[in-house]
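Letters A, B, C and D mark the chains in the order given here, with residues in each chain numbered from 1 onward.
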Amino acid sequence: MTKPPQPPQPHQGDGGGKPPLGVGMVGYAFMGAAHSQGWRTAGRVFDLPLSPVLAAVCGRDGDAVRAMAGRHGWAAAETDWHALITRDDVDLVDICTPGDSHAEIAIAALAAGKHVLCEKPLANTVEEAEAMVQAAAAARERGQLAMVGFNYRRVPATALARKMVAEGRLGALRHLRVTYLQDWLVDPEFPLTWRLRKEAAGSGALGDLGAHIVDLAQYLVGEPVAGVSALTETFVRERPLPAGASSGLADAGGGDGRGPVTVDDAALFTGRFASGVIASFEATRFATGRKNALRIELNGERGSLAFDLERLNELSYHDHTEPGAHAGFRRILVTEPDHPYLEAWWPPGHGLGYEHTFVHQARDLVHAIASGTAPEPSFADGLQVQRVLAAVEESAAKNSVYTPVLPVDPIGPVTPTAPTTPTTV
Amino acid sequence: MTKPPQPPQPHQGDGGGKPPLGVGMVGYAFMGAAHSQGWRTAGRVFDLPLSPVLAAVCGRDGDAVRAMAGRHGWAAAETDWHALITRDDVDLVDICTPGDSHAEIAIAALAAGKHVLCEKPLANTVEEAEAMVQAAAAARERGQLAMVGFNYRRVPATALARKMVAEGRLGALRHLRVTYLQDWLVDPEFPLTWRLRKEAAGSGALGDLGAHIVDLAQYLVGEPVAGVSALTETFVRERPLPAGASSGLADAGGGDGRGPVTVDDAALFTGRFASGVIASFEATRFATGRKNALRIELNGERGSLAFDLERLNELSYHDHTEPGAHAGFRRILVTEPDHPYLEAWWPPGHGLGYEHTFVHQARDLVHAIASGTAPEPSFADGLQVQRVLAAVEESAAKNSVYTPVLPVDPIGPVTPTAPTTPTTV
Amino acid sequence: MTKPPQPPQPHQGDGGGKPPLGVGMVGYAFMGAAHSQGWRTAGRVFDLPLSPVLAAVCGRDGDAVRAMAGRHGWAAAETDWHALITRDDVDLVDICTPGDSHAEIAIAALAAGKHVLCEKPLANTVEEAEAMVQAAAAARERGQLAMVGFNYRRVPATALARKMVAEGRLGALRHLRVTYLQDWLVDPEFPLTWRLRKEAAGSGALGDLGAHIVDLAQYLVGEPVAGVSALTETFVRERPLPAGASSGLADAGGGDGRGPVTVDDAALFTGRFASGVIASFEATRFATGRKNALRIELNGERGSLAFDLERLNELSYHDHTEPGAHAGFRRILVTEPDHPYLEAWWPPGHGLGYEHTFVHQARDLVHAIASGTAPEPSFADGLQVQRVLAAVEESAAKNSVYTPVLPVDPIGPVTPTAPTTPTTV
Amino acid sequence: MTKPPQPPQPHQGDGGGKPPLGVGMVGYAFMGAAHSQGWRTAGRVFDLPLSPVLAAVCGRDGDAVRAMAGRHGWAAAETDWHALITRDDVDLVDICTPGDSHAEIAIAALAAGKHVLCEKPLANTVEEAEAMVQAAAAARERGQLAMVGFNYRRVPATALARKMVAEGRLGALRHLRVTYLQDWLVDPEFPLTWRLRKEAAGSGALGDLGAHIVDLAQYLVGEPVAGVSALTETFVRERPLPAGASSGLADAGGGDGRGPVTVDDAALFTGRFASGVIASFEATRFATGRKNALRIELNGERGSLAFDLERLNELSYHDHTEPGAHAGFRRILVTEPDHPYLEAWWPPGHGLGYEHTFVHQARDLVHAIASGTAPEPSFADGLQVQRVLAAVEESAAKNSVYTPVLPVDPIGPVTPTAPTTPTTV
C-alpha cells in the first residue's frame, strides 16, 4: 500500500513458447470492452496454439483510448486506424466500430495483409458487404482469414443446438420461431440518438437485433433463408433531440426540439428455406420486461429445441422418439464437460455469462488462424444476412409481398467441407 | 350392491324455484362431452338465475346417442336435429357438430325460436357465417340470443388479461404474439382423416387452431384485425387412407392406398390492427412436444402480459411502471376470489382445468339469457374471425401480399355499450 | 323462460342397468362441495361398474343443508348423521366433517353396515385412529370397505410418480423433500378461528398440511416413516377473537379481545425410512406468495422426480441413465391417454384441476367396492400418518430428539398383495 | 504467425498511477483458476483504488505450478508457501488450498504482515478457526485485513436479496429453506478420493456444500444460527480405492480393493435463529440431475424471495403488500445497472456467470484494503459457520437432539457499525 507504483506487470507468460497472435482493435466502446475480455481470457482458459497479445487499440479520442488501453490491458493506443492496421505487431484487426465504417476498415486491413474479425452486422448495405466478401476471397488466396462476429453462435447452448440438428436428432425440420425482444426504447422521451436515424444506423431493431436472429436461424437450419414477407413499424415517430445533438441531428428537428425517428421500432417477418422449412421472426425494442430475450424454438419431425438468451446456460430439448408417457421438454444445463466449449470451464452447473461468447469467438478464430482453416461465420455468411435484411425492408415497403433472397455462393454452412460445428469443440 | 337398479335419480333439486333453461345439444363427441360437463356443473357451482336442464341430445346413431345421453345425464335422445330444435323442453340449442353443418342448424334453430350456442368456428365459409349473423340479428329482435363458443375467452387468466388491458394497465399496446402449437400430425403415417381434406374441414391448422388465436387476439386487443400477410405450408403431402375410409376418401387416393392432404399443416401470419398494434400468429400441428401450447404475449407501453394454455391457471405480468431494480415478469396464480369466475370455486392455489371453460361459458350464457343481454362472443365476432381466416388464405395464395380484412359492423368488442369483459364477473 | 319451474330432472340415466351405489355424505362445506363434484362426475366420465347416486347429505343446520342439497344435486337432506347412516338408500357414508367427529361417525357407519370414506386426517388422535382401524378390520370381515381421503394420491402426476418409483425407474431412493406452503395466516389480524385452537383442531399446519405430505411421502416411497426429528413454531401467538365468537373462544381471550393461538403455524421435520431413505418436511401457512405449494422432490440412484401442486398437470423427471450431454429434468405434461386416470379425459395438453382428484377418488372407490378389493389409502394408512404426526409433536416437545414411529401392521403399501398403484388405472 | 515468440506482454498498464496490490496465491487447482480470473479481471471492469498484480503463485509441484503461472498470468511461481508469504511483492496472500492447511498458512501470512483471503471453509475444525480469528484480530490492530471466501455472497442476486431484507421489504422474517444439491457422487463406483475420508476432508457434503448454505442463511437473515437439529447419512458406505491411491488410502481398504467412506453423503438439518426465524437445510451430493442447485427461499411477513444458483442471474420476489389479484412471484433479472455489482458490466439482460463472483470478491476486498475497512465475511463469520457445522455433527451423533451454537462475539453481520451489504455497491 505504501509502496510506489510498480512497473507494468506481464500480461502473460511466454505461453510455453507459443507463437503470439497480435491483435489490433478498432473501436473501444461496449463491443470493445467485450472483445477485450475475450482476447485477454481465451488463452488463460483454453489451450490455444497461438498466444493472443493485446497489441494496440484504436480510437479517435486520444485520451479516451489511452485510458481504455490502460484499463483493459492493451499495450499501445492509436488514434488513426490506418496506423493501427499497418503495425508490425498486429496480425489480426478486430473491428468494433459502428457498421458504416466496417467495409472501409476491413478492406484496408485485408489489403494490409491482416486477418480480420468484423463485428456484426457485416456492413450497413448489401453493396458494401459484397465488396467485403470479394476482398476476403482475394485475401484468402494469400492465406488471410476473415470472420464476422455473430457471437451468439458461440453460446454453448446454441452450439449444442446446431450440433444436435446436424446429428439428425430433430429429423426433418418443420419450422422455427426466433424472436429478439428488448425494451429500452419504450419511453417516448428517450432521445433521438443516431441509432434512430436511418442515414446513420441503416435500420432499427431489424439491423441491430434482426441480424442476430437471421444469422442464428441460418446457422441452426444449415441453409440460407430463401425469401421473406415482412411488416415493420415505428411506434414512436418523433422523439426529443438529444442534448448537445450534432448539427446533423439538430437539422432533423422542427423548431420544437423534436425530430422524426426514421428507422423501425419493430420488425415482424416470416420466411422460407429452400428445403421447405418455414420460420417466423420478430425483432423489437418495445417488449416491456424483456431485456435480452433472444428466443428460438426449432421443431423437427423427431424432436424440438428451445433456447432463451436470458437463460443462456440452458437448452430445452424434446425427444419425440421417446414413449409419450415419459416424454417432455427437458432442461439441459449446458455445463457438462462434453458440451461445446465446456471442456475448459468450471464443473457442471457453474454457468457462464454473456461475455464468454467473446472468449469462445477468440478461441475459435485463433484455432482457425493456426490451422489455416476458414472460420465461421464467414464474410459470405455476413453478406447472406445483409441480403435477408434487405429483402425484409423491400417486402415491408411492398405490402409484405414475398421477396426472394439471392443466395450467396457458396455460403459456408451448406458447403460440405466446411462443417458448421466448431471443429475444435 | 345387492339391491336392484334404482329409478333415475334427480339430476338437481328445483333450484329453489328457479326457472329452468332447457338445453338441447346437437353432436355428442369430444365437444359434446365437454359441453355436457359445462351444463351439468354450472348451476352446481355458480348461483345462476336460471337452472340449466339437460333436456335432450341429438346424434344420427341412435344407440350411440342414447348411450351418451345415459352417460352424461341427458333426459332424452334424438336422432334428427330437426326434431330436437322444435322440442318444447328445449330453450337453447347447443351446436357441437363439425363446422359444415353449423349454418344450417343454427339458422333453423333461431327460426324455431330458440337461443343458440354454436361451437367455433362459426362456419366453414364467410358466406355461411354472414347468413348466420343475419339470422341472429333477426332473432335478436324477437328476444333470442346467439353466441359462438370460443371457450378460451373463459379461462380465468385470459379474462383477467382482457380486464387488465381494458383497465389500461398495459397502456398503449404495441404488439402481440400468439401461437397455437400442437403435435398430433407429426407422424407421416397418421391417416388421411376428414380433417385433412379441404372439402370437409375447410382448412387445417388454420381453421382449427388459428380460429382460436385470432379470436383471442381480437378479444384482448379490443378491436378487429385490419389486415394480414400469410404463409401456409403442408409438410406431409400424402398420407395413408384411413382403414374403412368412406368412398369419398377412398376416391382421393391413387392405387397405392395413399391420398393427398389438401389442407395446411401450419400457418404463419402477421397482422395489423387499425390502432397501430401489430401481431404475429402461428398455428401448427407439427410442433413436437407441444400439446396445447396456445401462447400469448402482449406488450404495451406500461406493461406486458404472457399466457400459456398448458399452464392455464397462471398469467405472467410485467408492470413497467415499477422501478427497474425490482421489476420482472410475475406469475399471477389466477385462483384468487376476485379473479374472473373464481368467486365460486376453490381456495387460492387450487387450480382449474380445461373443462371449466365450458362451465364458465354456460354460466355467462345463462346470465345473458336471464337478463336479455347480448352475450359475447357474438355471431358477428365469429364472422369477423372467419373473415380474418379467409384473408389469411387469400394472402397465402397471393405471395403473402398484405390483405385487408373487411370489418364486421358492428363488432361486439368495439361497441361501447357491449363491454368486452363479462358483465357478471 | 316463461315456462313454470319444471319438476326435478333426472340426475342420470339408468347407467345401462348398472347397480347404483347410494352415497350419504356428512358435512357440506368446502370438502362437501368438492366431494359432491366427485360423486356427480365420476360416472359421467369413467365407465364404472356401479352408478353413484347422491342419496342424501347431512348437516346440523336444516335450511343450509337443504339449500346445499338442492344446489349440488343430493336427493335428500338430513340433519342428524345417525339418521343418515341408517338410510336404506345409503351404501356408503362419506365423512366430510372436521376431524374431531371422524371416529364416532365412521365407527357408527361401519357398525351400520356401510362402506366408509373418511376425509383426512383420519382422526385428531392416534387413539381414535386406532379404534377406527379396528372397526374397519371388523367390517372388512363382513365385506365392508373403508378408505381415507388423501386425495393428492389421485393427482395423475403423483400417481404417475408412484408408478415410476414402483417400476424402479429411480433405482434405490436416496432422499426426498416435501413441502406444503400456504400463506393465508400471514396477517396477524386474521382472527382466532377454531383452526387455531388445539382443543378443536388438534394441531395447526402440521395436521392440516403435514398430514398430506406425510401420506404422500409414504405412498411414494412405499414404506412408512420410521422416525422423525421436529421443530414447530407459532409466529403469531395472539390473535383477535373472531366476531361472534362462541363462548368457548371468547373464554380464550383476555379482556382485550385477543386470545392465544395454541397450535403451530409451521412445522419442520426430518425423517428416516427403514430402508435408509431420508426425508425433510415442511408445512407452513406463512410462506407469502405460496398458495398451495405442495412440492415433492424424490432423488434416486437412477433418476429424480419433482412435483408442484400449483402446476398439477406436470411431473418433472430426470433420467440419470441417459448420457449427460442430453440429460436434464424434463417436464412431462401428465395428460397423455396412458397416464393414470387420463384414459377418460381430454386430449393431450388439456389439463385437469384440483377437483378432479375427488372424481378419481370416487372412481377408485367404486371399483374397489364393486370388486371387493380393499381400497387405498386404508384406515391403517391413515393411522400411520397420525402416528407420524404424533411423533413430530413429541419430538418437537423434546428438543427435537429423534422419535421412532411405531409401524402399523400391516400397512397397505408394503403388502405385496396390495399394489400401491391403482389397479384399474 | 511466422514471427518468433515475443517477450511477455504487459498484463496491465500503470493503472493511471494507481498503487499496485500484489497478490500471492497458494494453491492452483479449481479454486486457483477461479481466483486467477477474479484478480485478473477485477481491475479491468471496475474502477478500483488499487491495481491488483498477480505477483506469485505457489504449489508443491514445480513444473505444474510454473505451467499454471504461465497459463494464468502469474509473474512468478513458488514451491514453498513460506517463501511466498514473505515476498516483498506480495501484499495479500490468497489461500486456495484444501481446508486442513488453511489455519497454518493464514496465521503465518498474517504474522508476516500480509492481508489474507482464505477460501471456505475457514478451517476443518472449530479450534483451528478460533486460532485464525485470534490471529486476524491481532493483525487487525496492525492494519491488516482478513476475509473468508464465501463467494456466493457476491452473486448479484444474493447481494440484492440481502439488500432487500435489510431494507425491510420482507418485513419480519418467518422461515427460510436452503438446499445445496449436487449429484456427482451417485455412482457407487466413483472412487474413494480424499474428499470421502474424514481425516482429510473433515466432513462430506456438510463441510463442502453445507458451509455455503449456512453462511448464506446467516448473511441473508443478518444473525447467526442459534441451534440445530441434524441427521446425516452415508448412502454408499464402501467404494473402490482410487487408482494409484496413496498408501494412506490403500491402508483404508480391505483386501478387495475397496475402502469405507467415512464422511456424510448428505446432511439434513433444521435450525433456529435467536429472533425466532426457523430454517431447514439440506446438503447432498446424491440429487441426480441437480448440478449446482443452491436454492434459497426466504419467507417474511411482507414478502418472499427465492433464488437458484443454477439460474444465478435471477431473483424471484413476491411483494405481499400488493393487491392479491395482481400479485405473484416475479422474476427479477438481476442485470440492471442499479443492481449490486452491475454498474460496471453489460447492458440489461446480458447475464454473468459463476466466475464473476470471484471478480466481485476481488473488487470488494481491494476496496476494503484501500479504505482500511474490515471486509466481510470476516474470519469471525467463518468461525461462526464452523460452529454451526460442528453443532450439526454433534446433533447428528446425539439422536438429532437440538444443539445450541455458541455465538462468535462479535459477529460481523450483527454489529451495527458493520453493514452487511457491501458498502461500495
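Keep this in mind: a residue touches a chain if its C-beta (ideal position, glycine included) is under 8 Å from a C-beta of that chain, and two chains touch if they have at least 3 such contacts.
If you're wondering where the values come from, they're calculated on a predicted model, not measured in any experiment.
Centroid analysis (C-alpha atoms only) places C farthest from chain A.
Counting C-beta pairs in contact across A-C and across A-D shows that the higher total falls to A-D.
As a whole-number value, the distance joining the C-alpha centres of chain A and chain C reads 55 Å. Averaged C-alpha coordinates put the centre of chain A at 35 Å from the centre of chain D.
Annotation for chain B: residues 290, 318, 327-329, 333, 348 touch two or more other chains.
Per the touch definition, chain B reaches chain D in the complex via residues 160, 164, 317-319, 324-333, 336, 338-339, 348.
Looking at the complex, you find that chain B touches chain A at residues 172, 174-175, 177, 179, 181, 183, 186, 188, 229-231, 233, 235, 265-266, 268-270, 272, 276, 278-280, 282, 284, 286-290, 297, 299-304, 318, 320, 327-329, 399-402. Interface residues of chain D facing chain A in the complex, by the touch rule stated above, are 1, 3-22, 30, 34, 36-37, 40-41, 43-45, 50-51, 53-55, 67, 69-75, 89, 91, 182, 184, 290-293, 309-313, 333, 335, 346-356, 369-370.
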